[in-house]
C-alpha cells in the first residue's frame, strides 16, 4: 500500500511536468493548428536559463529573499526570457511561413527545434549540467512509512495553483472566451472583432513560460539537466496532449497527469524497460477507439 | 582527382619542408564522438591522445619521424562511424585510434579491416567485437566479462553479500556487463550462496527513477550493481538517498562508466558518499606505479588543468603508445607487420596502464580492475577493506 | 415516360446526439426525372442527402436504389452503382488540373492496379485512354475545355461549380444528387447551369436537386418534395406545391421569424 | 537557367537527353571520386530510397507518417535475422524484406488508417518508438537487444561479392533508379491520381468512387516495402544493425526530405535527400555548429520555398479527342 501511494505520488509529479508542457502544445495547436515541435526545447532552454541565473545570483538572492524567494525569482526570470524566445520564434519562424500551409510550418518547427537544441549545447556545453545542492530545498514529511519530499509537495501545489489559474483564465474570463472562440473558428472570431495577433501573442507567451517553469521544476527535482532532454519530454508531453484531445485545455492537464500515473504504475509494477512500449501502445489503443482523444470532442466534418 | 591529390601531397610536402621537419610524419587517425551525447568522452580522449603524441614527438618521434594526428568526429552514431572511418582511410591513414561505443566500433572496424588499416579501440567492451576474427582490430580496454568477473568473483565475496540486485540501462555496454555478471555469478547461485533479488533495466535519458528504486528497495538487496552511465547513476544515487536508502546498508556499486567525480558534480556529495564503482585503473591512482602514467598526468595537467577520470581516454592514450612501440619494434611503418607482432601475444612495452600485450583475438591481456569508493568529501579513493570495510556493517 | 422508381427512401431517421435531423422520411424518385427536395435552411435536406450518398448511416429506415437495399453502403460503392453527387460548399481538388479533376469520376470505372500501372500493359493504356476521353468529353460539354490543364484552384467560382458538376457526371451516374448547385452564382451563371441540368434527363440521368430557394426549381422540376424540421410536409408537381398552404406557411412563417 | 529548365520541361527530347547525361555522370562518378565520397553517395542513395518510400505515403496521399524508421528498422532486422540464423543470402532477402515489411505495415496500419491528420501523426510516432524500444528489449532473444545483430553477410551475385563502396554505390543507385521509374509511372496512372485525390480532399475522393481506406493502405504497404528494401541495403552495408540507428530523429529526417523536396515530387525527393545527407558532411569543418546551421537552413527553405525546392508540376495530357473538339 505504501509502495502504491509512493508510486501514485511519483506519477502525479511526473504528470504535472507533462501537464505543464502539454499545455503549451495544446494552446498553440488550438489556435494555429500547428504542432510546435520546438516546444520541448523551449522547456529545456528554461531549465538552463534558470540554472545560469541561479549560479550567477543565488548567493545574493538567497541572502535577501531566502531560498524559496530566490527560486521564485529564478522561475520568473526563466519564464519571461523563454516567453520572449517563444514570441521571437513565432515572429521569425512561424508567422512568415504559416500562411503557406501546415506542412511547411511543421518543417520549420523541426528546424527551430534542432536550432534550439544545438544552441543550448553550444552555449552550455555538451556535458550534463547539474542544479547544485545549494539551490535545492531538502527535507521531507514522514507519514508512517511514507516519505514525501517537500519539493514534491511544493511542485504539486504550484501545479494545482498554476493550472487552476490558467483554467480560470481560459474558461471564465472575456479574454479566455476570445481565445476559445479563435480556437473554434478563426474567421468568425475575427468577424466578432477578436484580434488574432493578440491571441497568438498570448499563446506564445503563456505556453513557453509554462514550459520554462516546468524546466526549472525538473531541474530542481532531478537536479540534472541536459541539452537533449527537450526531445523526450516534448514527445511525452505531446502524447499527453493527444491523450487529452489536442486543442483541449483541460484535456491537456488530464492527459499529462494520466500519462505520469500510467508510467509510474507500469514502471513500478510491470517492467521499467517495457514501460514506454506499454504507454505508447495504450495511446494507440485509445486513439483507435476514440480517434480524437479522451476528452476530445467528436467533430463531425461539415459536408 | 588523382592529379589533385598529388598536388595536395606536393603542397603538404612543401609546407613540411618549410617547417624544416626532417621526416615526413606518420599519420595517426583519431576517431571519436566529438559531438552528440558522448561528446565529453570524445573530448577527453582527443586531449589525451594529443598529449601522448606531443610527448612522443618531443622525444624525436617514432623511427625518427614525428606523429601527426588526423581527427574525425563520428558523433557517436554507427553511420557517423562509417563515414569517419571512410574519411580516415581516404586520407591515407594507416593507424587509427578509435572509437568509443561498441555499436559504433563494429561497422567502422569492418571498414578499417577491408582497407588494411590497423585500428585500436579504447572504449568498446562488447565481448563479440573480437570474436569476428578480424586481423587489424585490437582494443586497449577490457571486455564486459572481465569487469563482470571482477564484480562476481571479488566484490561480492568481499562483502559477503547474499542478496544481489543488478540494474542496467539497456544500452549495449550496460546490458553486456549485466548479463556477463549473471553468468559469473551462476556457480554461486547454483550453490545457493547468493540470490538475485532484482534484475531489471531502466530507460536512460529519463529523470525520474523513483519507481524503479522503490521496486529495488522492496527487494531488499545487500549489494546493488548498476551497470550503465554516470548521468543515470547520479540520479539513481540522489533519488535513492532521498528515498532513505543507505549506501552502508545497500552497498551501491556502479560500473566503470560511472566516474565518481562526475557523479558527485551532479548528485551532490551527500548522495554519493559511500557509493563505489568497479573501475579500470585511473591515471590518478596509477601515476606512482608506472612512469608513463606519471609523465602523462603531469603533461595533461600542465596543458589542460585537472586530469579527467575517464579510463577510456586513458586507454586511448595507451593506444597511441601501442602503435608507437610496435612500429619501433618491427622497424617499419607497416600495419600488417604491426598486426602480426600484436597478435603474437608478446609484451611490446609498458604504457600508462601497465604492460601492453594482446591475445591472438586482439583483446588486451591482463586488464586490472580496482574497486573505488567515494569518501565523505566527495573524493575518489581506492577501496580499502581495512578502512572502508568497517562501514559495511555486514560482517559479524 | 418511364415510371420505374430509381430511388426509394423508406422511413429514414437520422439523429445527432438526440437531435432528430431527419424523421421517418419517405420519398420516391422516378427514372429520368428531375426531382427537387426543397425546404428552409436547417430542414434536414443535406442530412438526407448524405444518407442517400452513403456518408451517414441512418438509425432507422432503408434506402433502395434500383431495387437493391443500399442503406449504409460506403460512398465509393454507391458511386460504382451509379449514384454521384456534388457538394453544397464546393469540394474540388484544388491543386490538380481540371482534366485530372474530371478524370476522378472515371476512377470507379477502372480496373488496373499497381503492377499493370507500373508496366503500362496494353490493357492499362487502353483504360487510361478511355478515362481521359470520357473526362475530355465532359469538359467539352460543360464549356471548360480551354481550362483543362489549368489548376482547379485558379478557376473563377462559377467555373469551379461547373467543374464539380462535370466531375460528378464523369462517373457515368444513373442518379445525380446536386446539393444547391446555384448558390453563390450570379444570374447569368445560374441560368446557364440550370439549363444544363435541365438537359440531363435526356441523357438518361435522373437528378435529385436540393435547394432552399423555391423559385429556382419551379420551372425545371417534375416533382417536388418539401421538407421542414426533418419531416416531409408536401409532395407533388410544381403547381401543387406552389399552392400548398403548408408549404407557404413553412416558408413564410419561417421567413417572418427570421426577418 | 530558368529558360533551360523551362526548355527541359516542355521538350521531351531535351528532357531525355538531360536524364541520359545525369545517368552517365552517375555511372562515371565512382571512378573519379574517393572511397569516402562514394560512400557519401551510397548514403545519399539510401536516403533517396527512404525519401521515395515516404513520399508515397506522405507526398502522394498526404498521410503524416512520423514513424517511418519503424519500417526501415523492420526491413533491416528481417534481413539481419534471416541472414544470420538461416544463412539466406542478403540479396535474396531484398524481396523478402520488402514483403515482410509490407505485411507488417499492413497489419499495424489497418486499425489506425482511419485516423486523421495529427492523430495519425502521433500514432505513427508511437509506432516508431514501440518498434525501437521492442528491438532494444530483445523480445524472445531474437533482436540481440541494444547490441543489435552483427555478422551480416555481404551481398553476392554468383561469384561477385558486393564489398567495396563502389559496388554498394551501384547496388543502391540501380535500385533507386528502378524505384523512381516505377513511382513516376504510378504517378501518372489511375493509382497515383487516386492517391492525389485523397490528399486533396478525402471526402470528395470517397464520393468520386475512390476506396479511400484501400488506397491509403496500399500506399502504406508500398511505402513500407521500399523502406524494407532500404533496410536490407543498410544492414548489408553496415554488417550490423542496432536499435540506435532507427531513432525518432531518423523519421524526422526522412519526413524533412519529402517536404524539403516537394510533396509528391520524385526529383524533389532526390534534392531533399541531397540536402539532408550532404549537409552534415559538407559542413564538417564547422563541426559543432553544423546542426545549428542545419536548423536555420530548414526554416529558410520553408520561408523561400514553402512548396519545397522542386515542387511537382502536374502533367499536361495530350488530348485524346482532338484539339478542335473544344471549339465545336
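The chains carry the letters A, B, C and D, assigned in the order they are written, with residues numbered from 1 in each.
Operating definition for what follows: contacts are C-beta pairs under 8 Å (C-beta built on N, C-alpha and C of every residue); 3 or more make two chains touch, one makes a residue touch a chain.
If you're wondering where the values come from, they're calculated on a predicted model, not measured in any experiment.
Counting only chains that touch, the fewest steps needed to get from subunit A to subunit B is 1.
Chain pairs B-D and C-D differ in how many C-beta pairs they share in contact, with the greater number at C-D.
In terms of Cα centroid distance from the overall Cα mean, chain D ranks first. Subunit B and subunit D, compared by their mean Cα positions, are separated by 38 Å.
The centroid of the Cα atoms in subunit C and the matching centroid in subunit D are 40 Å apart. One simple way to say how far apart two chains are is to compare their mean CA positions; for subunit A and subunit C this gives 48 Å.
Put simply, the C-alpha centre of subunit A and that of subunit D have 33 angstrom between them. Touching of two or more other chains is recorded for residues 35, 170, 201 of subunit B. In subunit D, the residues touching two or more other chains are 137, 203, 288, 291. Shown for subunit C are the residues that touch two or more other chains, namely 55, 87.
Those residues of subunit C that touch subunit D in the complex are listed here as 53, 55, 74-76, 79-80, 84-85, 87, 91-97, 99-100, 103-105, 107-108, 110, 112-114, 117-120, 124, 127-129, 131-133, 136-137, 140, 145-146, 148-149, 151, 167-168, 171. Within the complex, the subunit B residues that touch subunit D are 1, 34-35, 73, 77-79, 82-83, 86-87, 89-90, 102-103, 106-107, 110, 114-115, 126, 128, 132, 170-172, 174-176, 201.
Across the complex, subunit D meets subunit B through its residues 32-36, 39-40, 43, 136-137, 145-148, 150-151, 163-165, 237-240, 242, 244-245, 281, 284, 287-288, 291. Listed in rising order, the residues of subunit A touching subunit D in the complex are 29, 35, 92-93, 96-97, 100-101, 103-108, 110-119, 121-122, 231, 235, 238-239, 242, 246, 273-274, 276-277, 280-281, 283-284, 287-288, 291-293, 301, 303. In the complex of the two chains, the subunit D residues touching subunit A come out as 111-112, 114-116, 118-119, 121-123, 125-127, 129-130, 133-134, 137, 203, 248-249, 252, 255-256, 259-260, 263, 288-289, 291-292, 294-299, 301-303, 306-307.
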